[in-house]
Amino acid sequence: MSHNTFGHLFRVTTWGESHGPAIGCVVDGCPPRLRLSEADIQPWLDRRRPGQSRFTTQRQEPDRVRILSGTFEGLTTGTPIALMIDNVDQRSKDYGDIAERYRPGHADLTYDLKYGIRDWRGGGRSSARETAMRVAAGAVARVVLGPGVTIRGALVQLGPYTISRDRWDWDEVARNPFFCPDAETAAAWAEYLDGVRKAGSSVGAVIEVVAEGAPPGLGAPIYGKLDADIAAALMGINAVKGVEIGAGFGAASLHGEDNADEMRAGNDGIVRFGSNHAGGILGGISTGQPIVARFAVKPTSSILAPRLSVDREGHEIDVSTKGRHDPCVGIRAVPVGEAMIACVLADHLLRHRAQTPDAPTEARLPLDFRQV
Amino acid sequence: MSHNTFGHLFRVTTWGESHGPAIGCVVDGCPPRLRLSEADIQPWLDRRRPGQSRFTTQRQEPDRVRILSGTFEGLTTGTPIALMIDNVDQRSKDYGDIAERYRPGHADLTYDLKYGIRDWRGGGRSSARETAMRVAAGAVARVVLGPGVTIRGALVQLGPYTISRDRWDWDEVARNPFFCPDAETAAAWAEYLDGVRKAGSSVGAVIEVVAEGAPPGLGAPIYGKLDADIAAALMGINAVKGVEIGAGFGAASLHGEDNADEMRAGNDGIVRFGSNHAGGILGGISTGQPIVARFAVKPTSSILAPRLSVDREGHEIDVSTKGRHDPCVGIRAVPVGEAMIACVLADHLLRHRAQTPDAPTEARLPLDFRQV
Amino acid sequence: MSHNTFGHLFRVTTWGESHGPAIGCVVDGCPPRLRLSEADIQPWLDRRRPGQSRFTTQRQEPDRVRILSGTFEGLTTGTPIALMIDNVDQRSKDYGDIAERYRPGHADLTYDLKYGIRDWRGGGRSSARETAMRVAAGAVARVVLGPGVTIRGALVQLGPYTISRDRWDWDEVARNPFFCPDAETAAAWAEYLDGVRKAGSSVGAVIEVVAEGAPPGLGAPIYGKLDADIAAALMGINAVKGVEIGAGFGAASLHGEDNADEMRAGNDGIVRFGSNHAGGILGGISTGQPIVARFAVKPTSSILAPRLSVDREGHEIDVSTKGRHDPCVGIRAVPVGEAMIACVLADHLLRHRAQTPDAPTEARLPLDFRQV
Amino acid sequence: MSHNTFGHLFRVTTWGESHGPAIGCVVDGCPPRLRLSEADIQPWLDRRRPGQSRFTTQRQEPDRVRILSGTFEGLTTGTPIALMIDNVDQRSKDYGDIAERYRPGHADLTYDLKYGIRDWRGGGRSSARETAMRVAAGAVARVVLGPGVTIRGALVQLGPYTISRDRWDWDEVARNPFFCPDAETAAAWAEYLDGVRKAGSSVGAVIEVVAEGAPPGLGAPIYGKLDADIAAALMGINAVKGVEIGAGFGAASLHGEDNADEMRAGNDGIVRFGSNHAGGILGGISTGQPIVARFAVKPTSSILAPRLSVDREGHEIDVSTKGRHDPCVGIRAVPVGEAMIACVLADHLLRHRAQTPDAPTEARLPLDFRQV
């Protein structure tokens, strides 16, 4: 029940602070004899890296990952994989102002209330910098899942503006600075976010992650349900305030017959669904359909606009955060959300085959299990 | 990492199926010398009990709980508390029709795909009957939290119809069959749900749970965050498709300055907030404000209206579920949601004091921690 | 990290006290579609049952086990298996004397110091009665391991008297009241233990458990080593003070060349060893050889002979325990030790195939793994 | 249930191989505001460091530890503490001979059988080099336990030669290269081990660790017993084949009245014991007496003397290991054993105060607990 570890069989422990010498993680439980090198991890980190557009923080971090253990001659050995990234662009002085002050909406106050001490430089452990290691671990998880599983995320709402699902184009995601699947909306967002940024404000967002190709059977009821683990994984990302699966909150308004995903067996015997309100998960177990999750990110708490607050001594103050911050942390949350889903799926893949090694990898009928 | 256990220090393991001889749970890690008897648990079970109005299933289960271990002369001993409820009103024959058929939106298919076998009587392990034990465990958790912590839930949306927050009255919750805090809306819902029920349909809902009086400091970043654990706990309840904390998905549309909960120190030095968009949690740690969580429940999958589906052999069929079902499972999810929050808070209370035994129980400034 | 649960994927939670209404356990993570009924469990319980000879406690408990969940039509379903045994022969009045007194060598004092309360009737939770549920869980573990794995235990030392290994006969174990594999020694023990019993004294013992047929590869370095898990499992049995694997403490006196288990590949390519000082485990991983563990049980603490002690108020007293006690608790520890080894092996079997599903089930050379 | 993590609330994850770029660990759950710097850790590492006498491996590793996270201005922050040591004296070529060969008594074969791959350089992950991180983590654990708890180890047997307990002098432990508390025996061992070393052989040993000052109440029955956790922690050290607590295997030969540790309350009300056969633990819970554990280490497997074995292709070969090895790995196991006990105690201290925050820190009678 480590506070800084998640997963059970595919297990990730992260460490490090925003302005310490380095950040890192240990990925444990990875199967052996998988091809893995830094080149499998770096591209995913590059997608999350700050400073790539005017819409993210200008902190310059190359985020070069090194594998320090767990591989031999380019293959995983089954032993723990240690990954490390040096911090190179710390500017602690930017944060001197907030050493004794609590930014509204930030973890400053609660870390002090819990621990009685905090590394205030750049938010210390509460900084989103930690999410780089989630992305690194997610890259290893993708290797575990193999090429048959695709996990892709996109920004579907920025502030109050949502995309048009009719224009959804996965290829577009890589072409704009928002991971937006709708080119037209992306252009509108650019203009909108420029205004937000210049006003010293910030704005929230909604991200959607879709995992295709995962086998049926992942998830272990009652308290290891796949959707419950996804919910924890996404809610635990910095600034996330909501998570939904499939139809999500919209399902509350539906009638039973509209929410039902009707089934048919194809010529190949594989179960196909007429819709996917379930988001690929029924009873906490994957169906073989695409797994669809969304999460809401609140606006960045560190803003130039002054807000009323208190300091450590209880004095009433105004807080205005300078530093270098993302006007919308939701943007860089896209690769982080993908990584968390990848880690959850890898963990459940291992858990599933431990208990049910002969379970089918496709939803093919008739089901013909033998008694063991 | 048991599949059927949740919590870390306050830990609940449940067992049992809808139509087996009994259901039960083991609550482990409970502090010793707390006054506990069946009378502390039964009232919470009675709130969840089926058959109390025409809007819930007509299955008649007295749900009498027995304590089989872990107490001595009316006090907890620190050893595991075993709770058990006999099943008395099983009618398995109602379910013979679905032994080989997969109801859309139900766990029938996925249990078969994962395990190759399922107890189809009443949904077996996937039945919401299991949630009775969550409520029982939640009652123990309330004893651990003590009288200073109040956890209350309410139905805030039924189908497309939401309550008016201006009319919110906690006392009203106990007066209508919906746990609705708004009398006027409750009346409207009764009419609406009668129509749904008579049409053989079902509908979804949204529940809000508010925990007041919890101390600051609960929650352990990065992967034991209070909101992440709440998200898992609520998403793991049957039929839940979305979870949000505080402003939730609404936060995505806000600007940073509007989402910021400004702070002031009162004359007593206690931090007070001008708003609670955070839902009482910052950086995964409780602030001392009310903890506010909402979750969305999909419409009941077992409906009379026929839907297209397949059977175990792959034949295409129509499914229409008779049995005895709730037209809106969201209603009875209210006490379940409360119980899950209670369990999560009790677990985090124990975790918190393990690592930081001298942390303050109020958000009182100035903070004056000693070096240990 | 539940205090009353062990195992990770094959996971056992026990509850209940010596003189409560019942004792029970929940076995979680069991693979589905295994044939399992009470008849698979009862015979193992019968071996441990008290009152079968004059050398064990005269408490009469039929120890009838009931399966309350987790099976359907005689097969496991993959959901938690709840097992329960009613307590029928409680005589709490026997224990009134020790309600406020601390027996030397017993858990009376430490339970009070830790919890400030204890169910003193029959030792409450600290009673060896709890081990019945270990034996029940062990029976399920044997089903998981399958008929190819044999786990047998024997008493190899009683008080200062050890068996002769030259006369070791597994069939003899069932023929005497000591689980002794050496008929001649068993006869001598009977005479010796009668003397001990009549003197109101007690004596210790050493048990050896041998598991044959387990595949190589079980155990997960560095902190999930098979021998470390066996050590915890055996040391956690009531009254155990020592555990050793293979040559054990004797290995300390050996030279490297004498301790080395030399290897040869047979005509079938399977590695065979010239000896088994390792006890079937190298580097925390099973070799495929028989797994050999021994554990030492101290003499029963509850004895008629009076000892100096204190009561709850600090008064100096003499303690003499009447009740019904085993003159050598080591005897009935034999089936308990077997059960613990079975549970550890079942857990590791599941863990092993989660991470390395294509690992060989025999130690056959040449090793020809594919890159995944 | 990570394979490479131990502990529950005070939790240690290690990574790294003998001949990789570095080894490291993450210590999670450490309470905040404890003074901690490299200077608190380095001295313990220096005691374990190789190459300090002719009786340990001649590999030269300065073992300089760096703290990479989890402290701020010299105090712990409650966030994970990452520790790292660079490997500087790898000589992989020494091991080319064993890349395809299996040394008897070594983990070579089992790693290959389990993982199908192994980093054979210096034993890779199975190397005792990993134990440096245990010692580093143990140093942090000592800070958690505070100056009131003293944990000291000593070599009490080397090969067949045991110390004289009459001559036990803790100060002597630091004065000889064996951590031997008996100067006379240390001198004899030097002569004996020189002979063993020159013969290309190796020998086993027994280590005793004594923890004084730990409060009563540590340990959580039934499956989190202090002695069970100690057994796992010690058995999991490289080459360990046996563990015992207090009287250990010797208890098997005792009568109940001889094994009983009689109690008396002193003038201060504190319970005092006439003996310590229990080794400070009753019912899995600490009594407040010194905690005494012993463990047996087998002779080093890597020896010059040739032994029969097989290679990866199944060919029969002779194995003779050159490299740089300890003639008795038991010597350097002393600080490792101390560290493991420290980690277990720190973990249980946190676990204990989570469940029973008002438990007494001394065994003082009368016990006067309040009902909560």
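The chains carry the letters A, B, C and D, assigned in the order they are written, with residues numbered from 1 in each.
Note that in this section a residue touches a chain if its C-beta (ideal position, glycine included) is under 8 Å from a C-beta of that chain, and two chains touch if they have at least 3 such contacts.
Because the structure is a prediction, the values reported are computed rather than measured.
Across the assembly, the mean Cα position most removed from that of subunit A is the one of C. Counting C-beta pairs in contact across A-B and across B-C shows that the higher total falls to A-B.
As a whole-number value, the distance joining the C-alpha centres of subunit A and subunit C reads 44 Å. The centroid of the Cα atoms in subunit B and the matching centroid in subunit C are 38 Å apart. With centres defined as mean CA coordinates, subunit B is found 25 Å away from subunit A. Each of the following residues of subunit A touches two or more other chains: 1-5, 8-9, 14, 29, 32-33, 75, 78-79, 114-117, 125, 221, 351, 355-356, 369.
Chain contact summary for the complex, subunit B toward subunit A: residues 1-6, 8-9, 14, 102, 104-107, 109-117, 125-126, 130, 157, 159-160, 196, 201-206, 216-217, 219-225, 227-236, 238, 240-265, 269, 271, 274, 277-279, 281-288, 296-301, 303, 305, 307-310, 312-316, 330, 351-352, 355-356, 358-360, 363, 365-367, 369. Listed in rising order, the residues of subunit A touching subunit C in the complex are 1, 8-9, 29-35, 75, 78-79, 221, 350-351, 353-357, 369-372. Taken together, the subunit D residues at the contact with subunit A in this complex read 1-5, 8-9, 11, 13-17, 20-24, 26, 28-29, 32-33, 68-70, 72, 75-82, 114-119, 124-125.
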